[in-house]
Amino acid sequence: MRYIIRRVLLLLLTGWAALTINFALPRLMPGSPIQVMAAKYTGRLTPSALAAIAQALGLKNKQNVFVQYWTYLGHTLTGNFGYSLSEYPTKVSTLLAQNLPWTLGLVGFATVVAFVLGTFIGAVAAWRRGSLFDSIVVPTGMMLAAMPSFWISTMAIYFLSYKLGWFPLFGGSSSGSLTSVAGLGSILSHAALPAMVLAVISLGGFMLVMRNTTVSVMSDDYVKFARAKGLRNFTVASRYAARNATLPVVTNFALALGTVVAGTIFVEYVFSYPGIANLLYIAVTSEDYPLMQAIFLVIVLAVLLANFVADMLYVVLDPRIRVGGRA
Amino acid sequence: MKGFLHNKKALAGLSIIVFFGLVALLAPLLDPYNPNDFNFMPWLGPSSAHWLGTTGQGQDELSWLLYSARDSMLIALSTAGVISVVQLLFGIFSGYTGGLTDGVLSTVTNVFLVLPGLPLLIVIDAYLPNKGTVTTVFILTITGWAWGARVLRSQAISLRDRPFMEAARMSGERRWRIVLFNVVPNMFGVLAANFFGAAVYAVLTEAGLLFLGVINVNTISWGSMLYWAQAGSAMLENKWLPMLLPGVCILLLGTGFGLLNFAVDEVADPRLRRG
Amino acid sequence: MKKSRLLAVVTSSAALSLGLAAGPALAADRAPAVRHGGILHVVMPWNNIPDNFNPLNPGTNGATAGGTGSALYEPLMYDNVVTGKFTPMLATNYAWTNGGTKLTVGIRQGVRWSDGKPFSARDVAFTFNYLKKYPALDLNGDWKTPLTSVRATNDSTVVFTYSKADSVVLPFIMGQLIVPQHLWAKLTDPTTFTNLHPVGTGPFVLKSWSPTQVAYGKNPNYWMQGRPYVNGLTMTAVKSNQTAQLLMMNGEAAYTYDAITDPVHTYVAAHPAWNKFWWPVTGLNVLYMNTQSGPFSDLTLRKAIAMTINEDVVAQRAYYGAIPSSSGVGQTGVVPGQQAQWVPKSVASMAPTNDPAGALKLLESNGYKLEGGSLAGPNGQALPTFKILVGSGWTDFISIAQTIGQQLQAIGIHSTIDQEPWSTYYGSAQNGQYDLLVCWSNGNNATPYYEYYYLLSSAESAKPGAAVNTNYGRFSNNYIDGLLSSYAATTKFAQQKAAMVAIEKTMLTQVPAIPLTGRPNFFDYSTRYFTGWPSASNPYNAGEAPDAFNGGAEQIYLNVHLK
Amino acid sequence: MVSTLGAPGVPAEAEAGQVPALEVVGLTKTYSVGKVGKPKIVRALTDVDLCVARKEIVGLVGESGSGKSTFARTVALLEQPTSGTVKVEGVAVPSRPGSADLRAHRRRVQMIFQDPYTSLDPLHKIRYAVGRPLESLAGLPRALRRGRMEQVLGQVGLVPPADFLNRYPYQLSGGQRQRVGIARALAAEPTLLLADEPTSMLDVSIRLNIMNLLLDLRESQSLSMLFVTHDLAGASYMSDRMAIMYAGHLVELGPSAEVMGQPRHPYTQLLRQAAPDPASQFGRDTTFEARGDPPDLTDLPPGCPFAARCPHVREDCRTGLPTWRQVAGGHQVRCVLYGT
């Protein structure tokens, strides 16, 4: 119980700190969105147009920073993120609602595939330690983990989409209506390549972590004992070794979410995918504070919650923690 | 150390790093042209004068490719170095010292772990006025130190409770000397593994930032080569070499550092050691 | 904008009266057989298409969601900056009277809003008075000029009254998009109003919207008989330039506005018979130097730099020859399309040539010295390594900076490239925090007046430390200011030209800034399924973007038809 | 020095006016654990008095968690005492020692650690472990250090000493490592050695060797020693006097033969039953048959700490802590069963 309370407190503290950094960062950025806009229109907007835009965006009235902070906290808690500056006057919440499902689908699919495939391959490699299979898996995993996501995306588009024409070149779908059968097919065909790329680049990490934790677990006495007892290899592997090795992999997974987002930015950017990661890149480069803050917040909360769930999972799976605390 | 050299992964990783290290050192001698020379026709195909052809900017591709090893090695080693120092200090102050310091520092790590790194990088970069190597190392450090710091912290905590620390105190050792001669050397294995891990991170992330055009794309590097290939529509010009090769180099260098990371882990953790 | 402008009777311009006489410049009218039908696909590197079709809303996509200003709503007249012609749309004619303080505009009759309600001059007057009420909507700054009132005297006439004559407001008045009074009068907060069910006078009506695609169908009530020829229009947002380009190459879209890299060898080469581009130059890319303080306040150094830079090489590197350089007579800052009319032979003969050796001689005769590959100033101290400021991610500007940097080494000037995010870049430009700056010029128009005004006028400069509007080089010269005033003070072409010629000469002798290359509209099109596009030989518009809000793209929608 | 009843730790020699090697009076050590705002106090040591005379070996015996190691570590100043005084050769240790005080203290008091496998830094050679105290405590000039290192290694039976200087801990056996640990402690020539279960991690066959080595060193180096152990038989083999500790309290103190032959405190009797034959049994781990568990140190009852487990428990045991009672010459016990 003490452990759970400590975790909840930590969750709240980290959440608050992230919120505050989130608030401070854009305000530390140089320049203003108006200058971004002026630059974007490269002389095609007259100075009076810029002045009119600044007024409409509410960028002229400067509030006290503490008042802003207070308002920001209040708005964040109520989910009111205001208007996007780069897509004015679209509401930030509208943009989130439009873009979030795409990323969830893409990342969800890719991560589940990578997780299942990666842990399986990792476990087998650990079990057949030193075999040819293992000696292929480790360097391959290493290479996958060192794969620049933007590069593999670009190459995939060049060869598979552009040269061979197997996949669409860009975007989330080509049909206006997303609910029809054709729309669904279009969504799937558009998601296939970016999802595969994402899965491939996250596969390596899962493979290696699973392999190493399984190898460690297998040197533990109870696994040695189970093997000595003459239990069938498969039984030992699945019942004892794999189950105990999965725990650290799961917690790792929760923390790795933040890294997955980084990979997703590149993939969505290269594929022009209509997801939240690409939106974040756009928000950052166009200094769209409200949008940037909201997406940051969504990601931070997702990672925090995933960590919290993983911590709670630990409590359920590892009784030692319920008694004491972790060092 | 001996075990390390007998480790195949370590040898493979070391060979890759040494190879790129040599290319980096000898680049001025190996380069057929100055990579900053824009005076050739753009988008020439491979020929005897330009083995890999020219860029859309009129530079010799091969010269660029070779010279880029410098940037990546420099960024990888200096970032990994700075990150290691930060992590070490963190490990000592948070893990070894403990107490309130530990509480504060641990919270800081947790915050950095959940903040999305890449966007944070872009935002911080936008804030910094000078866009040099130092800036790049700085922002890579800010967003890259937290992972390994946790590992070093728990290593320091476990060291703190080892009896030889008390034996050292009984021998009349001063605190700083214990830290320097007992704590730090015993963290070295983890530190080395983290160092190589940070190098992989630095190589990949710097290339990614260059590809997005966020940091100075006039650097002669693989990431900027990809940036210019993309910006110059190499794909539509049917020039795939300038897209393929820099990526392969990044991949290889990353794999090299990754293998070293893995090997150090294996040597340092007896449970992962073979046989 | 404190400018004194005197009466300018624009109807005196031969070009304009021609445009009026011809009615809407519908070049395809002469085509023997025009096929109706088909859907025109437009693609743009937008992030999203906002679900908002508010033509008065500033937003950030150039004012409105895709197509709002070109498919749904119309201006009074379309101002073609390439030809200088006005194409009547909702207005049919205009006249300046009362010494240039009264503008009377005739409003087209028989026009209906797409909901069937009749359109009249009252809608026009309503729209302008609405802008007065909500300054945030006044994108053209119409009410920042000496405009005092806008009234509809009857259903077909609107009268604009000015407190003093101002000849240069006409393009802005004519370009204003008009909204229906019967719907907009009810709005409480038009600045955040999301116009989900747009009702306009334009050739199309909204059919469907998604964040990545909008579809438009024909407006059954459209006033121009038989137009548009096409049945509908789609606009697709694809996030990246490269994707837009790919779709154009594959013939999946027929119209985009995109600065394609090396268009001849990529886009055109894919299907030379169909894939075309027309990039009419309407502005400039300029190398700005801070003339207010620092080493560049010395004319000798500015001149030497201008002589050393080879603009032809710069244009080739940055734009692969798709955009003309500003070498030779282009150094006056007059864009190529205007040169025949505004640059006399006497100025053309002064056109400088690229001459690094001469530049070095000039420097040395003025006390500079080249020592060990580095240039030392008259005070004997070596010049510092200059930073060339560009925006990050703008590959053309970065290429320009690279090329200039390399060329300047010939006279011992060393430089690095300072690549900043957009806002920092623009902020530094405005605050004078740069050594050398590659940036655009402002004031694209049919005459060089606005170009010069924004580039050189003291009114657009500022004291050291203060931010300037558009005169990034901070050049300040009473002589130039006088010439600009004299241009506005007269309506006679000869006198206006004399003022421009004097400024052109000053550009060449004082080098307040160095024009590098033209800055065009990046109009790309495909003739695979559709024909009737604007081009250099048929410039019925200036190659505007689909999201332009001056009716430029509308001219395309009205003119293209199936092959 | 007052009467034996008032100061139970004082051996006969001290009464004769000789300054003891170690004199501890009223030593208490508490830790604060648990949540902020609601801390719990763990009483590891409660009011412990103990003296070790010159060249005397005192065995401190108790089960794990009884506070015996804490006592040694507090005397070594690895822990700060909460209250009480510690005097070494009659010199009181400052209550807030500075680093110079600490070094002066460690010059005289050294410690042998329990686990020879973790008490040597695996990355440093033996030379480092034995040499460092010579520099930082003894301040021996560099030229003399090597000779002293070899000398001290020879004293603990690591011969030839020169061979061992350049070895790493992993190249030594457990017994050899413990000898290095003893050499490290001896290097700065202390007068008092605190041996914290120095043999418990070693093979049974080696334990006796190490014990004999310590006994020899007492003679040759004129050392006083506190021998901390949970092994009654081992303690009686080693020590002149034995002190029995339970839950942070000393409960019985006397000459080894007395305590072994006639244990008085019920707890000592319990220990004694678990180790029947002292002659053959030292070295074997002894286990206790006890009714109940050792008390929770955060929640000590007001009376005798052993009351909960004591077969002879009486009503007055639970109300107040029994005073020390003299049962024979130098043999004292803290139990109500024995008359005042």
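So that you can tell them apart, the chains are marked A, B, C and D in the order they are listed, and the count of residues begins at 1 in each.
One rule holds in what follows: contacts are C-beta pairs under 8 Å (C-beta built on N, C-alpha and C of every residue); 3 or more make two chains touch, one makes a residue touch a chain.
What you are looking at is a predicted structure, and each value in this text was computed from that prediction instead of being measured.
Asker: In terms of C-beta pairs in contact, which of B-C and A-C ranks higher?
Answerer: Answer to which pair has more contacts is A-C.
Asker: Quick one: subunit B and subunit C, Cα centre-to-centre, how many Å?
Answerer: Distance between chain centres, rounded to whole Å: 45 Å.
Asker: Can you give the whole-Å distance between the Cα centres of subunit C and subunit D?
Answerer: Whole-Å distance between the two chain centres: 91.
Asker: Could you grab the centroid distance between subunit A and subunit D? Build each centroid from C-alpha atoms only and quote it in angstrom.
Answerer: For subunit A versus subunit D, the centre distance works out to 57 Å.
Asker: Quick one: report the Å distance separating subunit A from subunit C, using the average Cα coordinate of each chain.
Answerer: 41
Asker: Could you pull out the residues of subunit B that touch at least 2 other chains?
Answerer: Answer for subunit B, listing residues that touch two or more other chains: 126, 230, 235.
Asker: Enumerate the residues of subunit D that touch no fewer than two other chains.
Answerer: Subunit D, residues with two or more chain partners: not present.
Asker: In subunit A, which residues are in touch with two or more of the other chains?
Answerer: 29-30, 162, 269, 285, 287
Asker: Could you run through all the chain pairs that touch each other?
Answerer: A-B, A-C, B-C, B-D
Asker: Could you list, by residue number, the parts of subunit A that touch subunit B in their complex?
Answerer: 10, 13-14, 17-18, 21, 25-26, 28-30, 129-130, 135, 138-139, 142-143, 145-152, 154-155, 157-159, 162, 208, 212, 215-216, 219, 255, 258-259, 261-262, 265-266, 269, 280-281, 284-285, 287, 292, 295-296, 299-300, 303-304, 307, 327
Asker: Which residues, counting only subunit B, touch subunit D once they are in their complex?
Answerer: It is residues 162-164, 166-174, 181-182, 185-186 of subunit B that touch subunit D.
Asker: Which residues of subunit A touch subunit C in their complex?
Answerer: 29-33, 35-49, 51-53, 55-57, 83, 85-90, 94-95, 98, 162, 169-173, 176, 178, 269, 272, 274, 278-279, 282, 285-287
Asker: Would you mind writing out the residues of subunit D in touch with subunit B in their complex?
Answerer: 73, 76, 78, 99, 102-103, 106-107, 110-111, 113-115, 118-124, 129, 132-133, 136-137, 181, 184-185, 187-188
Asker: Which stretch or stretches of subunit B touch subunit C in the complex?
Answerer: Interface residues on the subunit B side: 36, 38, 42-43, 56-58, 126, 129, 131, 213-214, 216-218, 228, 230-233, 235-237.
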